[in-house]
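In what follows, chain A forms one complex with chain B and a second complex with chain C.
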Partner chain A sequence: MTATAITSDTKSHEELVDEKIVKFYLITALIFLTTSMLAGILVALQMIRHNPFAGIELFSPGRWRMVHTNAVAYGFLANGFLGCLHWAIPRLTLQPVANKKLSWFIFAAWQVVVGATAIGILLGEAQGLEWGETPVWIDPLAQVGLLLVAINFMTPIARMKGPMYVSLWYFLAAFVWTFLTYAMGNFIPEYFVSGTSAGAVGGLFIHDLVGLFVTPLGWGLMYYFVPILLKRPIWSHGLSLVGFWGLAFFYPLQGIHHFLYTPIPLFLQYGAIVSTIAVELVVTTVIINFFGSIWGNAGVVRTNLPIRWFYTGMIYYFLTCLQCAFQVTLTFQKVIHFTDWVVGHAHMVMFGVFSMWIMGMMTYLFPRLLGRNWASRSLCEWHYWLSTLGLFVMAADLILLGLFQGWSWAALEPWDASVDFSFPFWVLRVIAGLAMFGGLLAFLTNIWLTFRAAPVTAPVKSGGLLPT
Partner chain B sequence: MFESKSGILYIAGIGFFALAFVSNALVPWLMYRDIPEKTVAELINPNLRYQFEDLARRYPDSFNATYGTPPGGDAKDDAWWNEKCADALRTGHKLYVGEGCWHCHSQFVRPVSNEEERWGPVSRSVEYQNELQRPVLFGTRRVGPDLCREGGRRSNDWHAVHFFKPESLSQASPMPEYPWFFDGSPDKPNAKGLAIMTYIQWLGSWQESYPYYEAYVPSPVRKPEEIQETE
Partner chain C sequence: MADPTCESTGVVSTHKDRSIAWTVTIAFGVVILIPCLMGFIVKFGELVALTKDPADGGFAITPVINYLLASAGFFFLLLWAALNGMFRDLERPKYLMLENERELDAHG
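This part shows the complex of A and B:
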């Protein structure tokens, strides 16, 4: 592999990256994350029957539950990723995005989509598709938005000369996949098929949204940021190839594993199960590749906070994928399907992995975007530890509770018994959630303090941190 | 090929996506294409009509305010009731989706974990081939009980009180209250209240085992010939 030569006509960072749009995306992402976490806390309080807004239509926990998941997927993860992509893609390809005005149009349009989704859901207009509750009248706009995103980012990749780096494989595929996935999930089960077949399409949609939108963007950005921060290359190019092509082939084949034991034909369920177990082997190669990259230099996690976020996310990624290889089997499904196990799993993926990665990238980028070092190292540490430990407690609590619920139901105990013993677990979940929210507040405070501090003239410090 | 733009775009981006779509979505789609999709009007059955007319008897003021009164004449009345019942089902379904009921209540019975004992007969594909399963409401979580065999298990009065304030009937229930389905008290359901109750009473009303009761023992009063046989 030959590196693209940096010549005198190579564009400078300022010509390539629109730092302002990166900043806007990241701040908007944090606003939606705050909204989403408050929504989550509201629902968690309803579960322990301490909802302060009981009986108020606009605060109905059922509606805010959908705001919670949609704000994370489309408000936080999508905005966070788009912000980081505006940084990474021009720097990787040495080409600016197709059109910087188009970037701002996409930014505005996307916030309209997410905001309208939230308002539509709160007014009771949701669509009956998990993670696709976006009211049907917004779907076409979202679809156009995704097309424009693809055009804007695929142009610099197309113009680029020389071999493509691993990150760009993931990005290129992700833009195509996200567009196709959204179209499939939001239109086919609404207008073309019903019943069991719609269930199969819906399962494929929620699955592809994680696997073909969030996952490739997340890994692509890890392949970009980790070597830069570690100042050494990725351990094995061969394993990078195995990881990408294995994910691309096996991940989309698993949609039906969300609806095992439904009337969907059993041979299709078996297919989804087998390919799920296969993808866990692929995941293992990716994890080995990244741990090979840091091998011998792991001490940096003490001082380099972004790297610490990234590798914590990777550990959670391995755990959640390992869990997945077991929970996808019919034996586990008998017990854990419909229980809080699934909720624990979902939080470990969405918060433990992808949110952690975005937090790491934000910890790296904000000092650069603001031209100031982080105001407080200890607030950075609080953010990390409250998030990491809060999530660990929440996931462990819900996964364990899921087993108890599943066994209780299978033993035909009265339904109320399972609600009664869930109560203390649900209380612990509120506490863990508040800890995670506390971490976010520490981060927001830190950004504010950094923003108010005097700018530095020298380049910001490695990892964006003050010395300890 | 494995690192080129076109390889990634066409093989991974489009090819593998299409392969998954064909195997995971198109195959079940084609397998079930011969099961006709029922419209809402075709879903109305005598069990549901009974419950719907029961709503009219219990809450005449609310009912007349929402649906008006039957125009009179038997055959014509029948068509009128069916039409209003279909309206109620559509509105009820929209509420069930909009309020996020389906995130805490599943609508399918699995053939494992004694679910047949608790909820009733295992779900079949044909049950889902209708307009009110666009998109399908299988659900993924049971904070509360499964509802696909719920119709007829409880009276409309029970549902009204339960929607108004679940805790008054089910002490530890984490279910939110829905006072906006009522005009101030549980005996005054509004258009939304009547619709959601119709929808809930529809669930499972097509089953032969309707209504399904958990651990139901048929009448202890035995027929004379049965007594002679056992003794």
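This part shows the complex of A and C:
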């Protein structure tokens, strides 16, 4: 059996990739990221008692917090990934998506889902499930949307012949997992189980959204974009498959690590701990593979911005997974559970890893989609540095604060004391958040300036970055 | 064995590279499997004991059954993939993917 290769019948890039939809997805993703970050800043301001909208029900921080996390997951990450998938899957399979009209229908329907969710949340219609706040009347529509996404993308993959490249394994799995995870989280606790069981399903839902929706799409796209930008293959394709199958078999077992010290039988908690450690090892194989790929050519991160975003994300990925290895122990859980450590961890993984990867992909794709080189290299640099350092400060600040809070509670100090000493840390979070938001504004300005610039005649290559 | 596409990307895969890759793969395989196997055997014993408990037995076995159902699909997919030669020329897809990319850009 031979793998799919280019022949005289193979369609051209223009026939394979609908660049317009990629552009629309990426721009929509950025609109939702802007909304989400503003919401994050609003919640962070509330924590330091400077809520500019205090007293207005529509802008109450509880609602904005949900807009923050929901818009980032479904508005930014999902749209960003879908846009990049519309580029990567047809080029990897040499087949267009099942139906380009269906792609546009999904695009429109998805924006209705995410937009209606934000409005529903602000009007007090949220479903009581973290990351599943989507009002119950939208859930069936979202579920059908996910099914259509799977059909549209799995068709070209199914049409391929021969051994599949690792990215496609990740994508296939992600389409199935996301569909199942969404159904599990949004319907089971709502209609079938209640009490602690519903709580457990809710926890598993958040956990699986990260591991079975965001992670496989993120890594799948990295296995595609990193080699094409480095212009050399991934170090070991065999090892990359170990990473994929390791995730497939060990990840679903881990959910209970969110419920350590609960009445769930201890052997199940231990089982989750052991499989979490196994996933750490699987993660290490993936990291080694990517660093093996850039070995001897690491200087490229200075000049090639998308690669710099990708590898920074990988370093943050390694750090978050290292954190997980500690977090999963009972000793550590005793201190950090319910503290700001967890919030620091969440930002490190969601922004430090997956958003960074999406930013890298956008930095590579926008010049090609707009047919212009980036208008300003220095705005690209500002975007990178403000985001990277802002996130570093935010994560370090919250992780440290989490330890102080945990120790304070363990010493049975009054709750108020922990709120008081948290205050300066929360102020620092606002400053770091503003830096990250500043990075985003630099990016948006750069996109606008690039859009206004004259198109180039030669094809845009290497991320369209002008020399420094 | 040096692959032609590999040469054109400036990376030469030598026999030594391949054996290092294999050693690392096997070492990681062993490091992953041993703790998992040990954990599994001990906890499996406890699980069997617990399932006999009329009060907690069902509660204990439900998540395990869920996991087995979820993993069964992947197990069969793995079998199907292996039987269909998906893992035969393991490193070939990574070269082909780059080759296709170059062609698409050259003619796009």
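To be clear about the criterion, the second predicted complex is superposed on the first by the 464 of 468 C-alpha atoms of A that agree within 3 Å, B and C clash if a C-alpha of one lies under 4 Å from a C-alpha of the other, contacts with A are read in each partner's own complex, and residues count from 1 in each chain.
FYI, contacts are C-beta pairs under 8 Å (C-beta built on N, C-alpha and C of every residue); 3 or more make two chains touch, one makes a residue touch a chain.
Everything numeric in this text was worked out from a predicted model, so none of it was measured.
Contacts of A:Ala126 after superposition: chain B is touched, whereas chain C is not reached. After overlaying the two complexes on the shared chain, residue contacts for A:His50 are found with neither chain B nor chain C. When the shared chain is aligned, no partner comes close enough to touch A:Arg302: not chain B, not chain C.
Once the two complexes are laid over each other on the shared chain, residue contacts for A:Leu268 go to chain B and to chain C alike.
When the shared chain is aligned, no partner comes close enough to touch A:Arg452: not chain B, not chain C.
When the two structures are aligned on the shared chain, A:Met66 is found in touch with chain B, with no touch to chain C.
Contacts of A:Gly246 after superposition: chain C is touched, whereas chain B is not reached. By the touch criterion defined above, A:Arg159 reaches neither chain B nor chain C. Looking at the shared chain after the overlay, A:Val193 reaches chain B, while chain C stays out of its contact range. After superposition on the shared chain, chain A has more residues touched by B, the comparison being chain B against chain C.
In the superposition on chain A, the residues of chain A contacting both chain B and chain C are 163-164, 173, 176, 180, 241, 245, 248-249, 252-253, 256, 265, 268, 271. Residues 1, 3-6, 10, 12-14, 16, 91-92, 94, 162-167, 173, 176, 180, 224, 227-228, 231-239, 241-242, 245-246, 248-250, 252-253, 256, 265, 267-268, 270-271, 274-275, 277-278, 281-282, 284-285, 288, 459, 461 of chain A are the ones touching chain C in the complex. Put simply, chain A touches chain B in their complex at residues 46-49, 51, 54-55, 57, 60-63, 65-66, 124-130, 132, 157-158, 163-164, 169, 172-173, 176-177, 180-181, 184, 188-191, 193-204, 208, 212, 241, 244-245, 248-249, 252-256, 258-259, 261-265, 268, 271-272, 330, 333-335, 337-339, 342-343, 406, 409-412, 415-416, 419-420, 423, 426.
Only residues 2-5, 8-9, 11-14, 16-17, 19-21, 23-25, 27-29, 31-32, 35, 37, 95, 97-104, 106, 108, 110-115, 117-118, 123-125, 127-131, 133-143, 145, 167, 170-174, 176-180 of chain B touch chain A when the two sit together in their complex.
For chain C in complex with chain A, the touching residues are 6, 9-11, 21, 24-25, 28-29, 31-32, 35-36, 39-40, 43, 46-47, 50, 56, 59-60, 63-64, 67, 70-71, 73-74, 78, 84-101, 103-105, 107-108.
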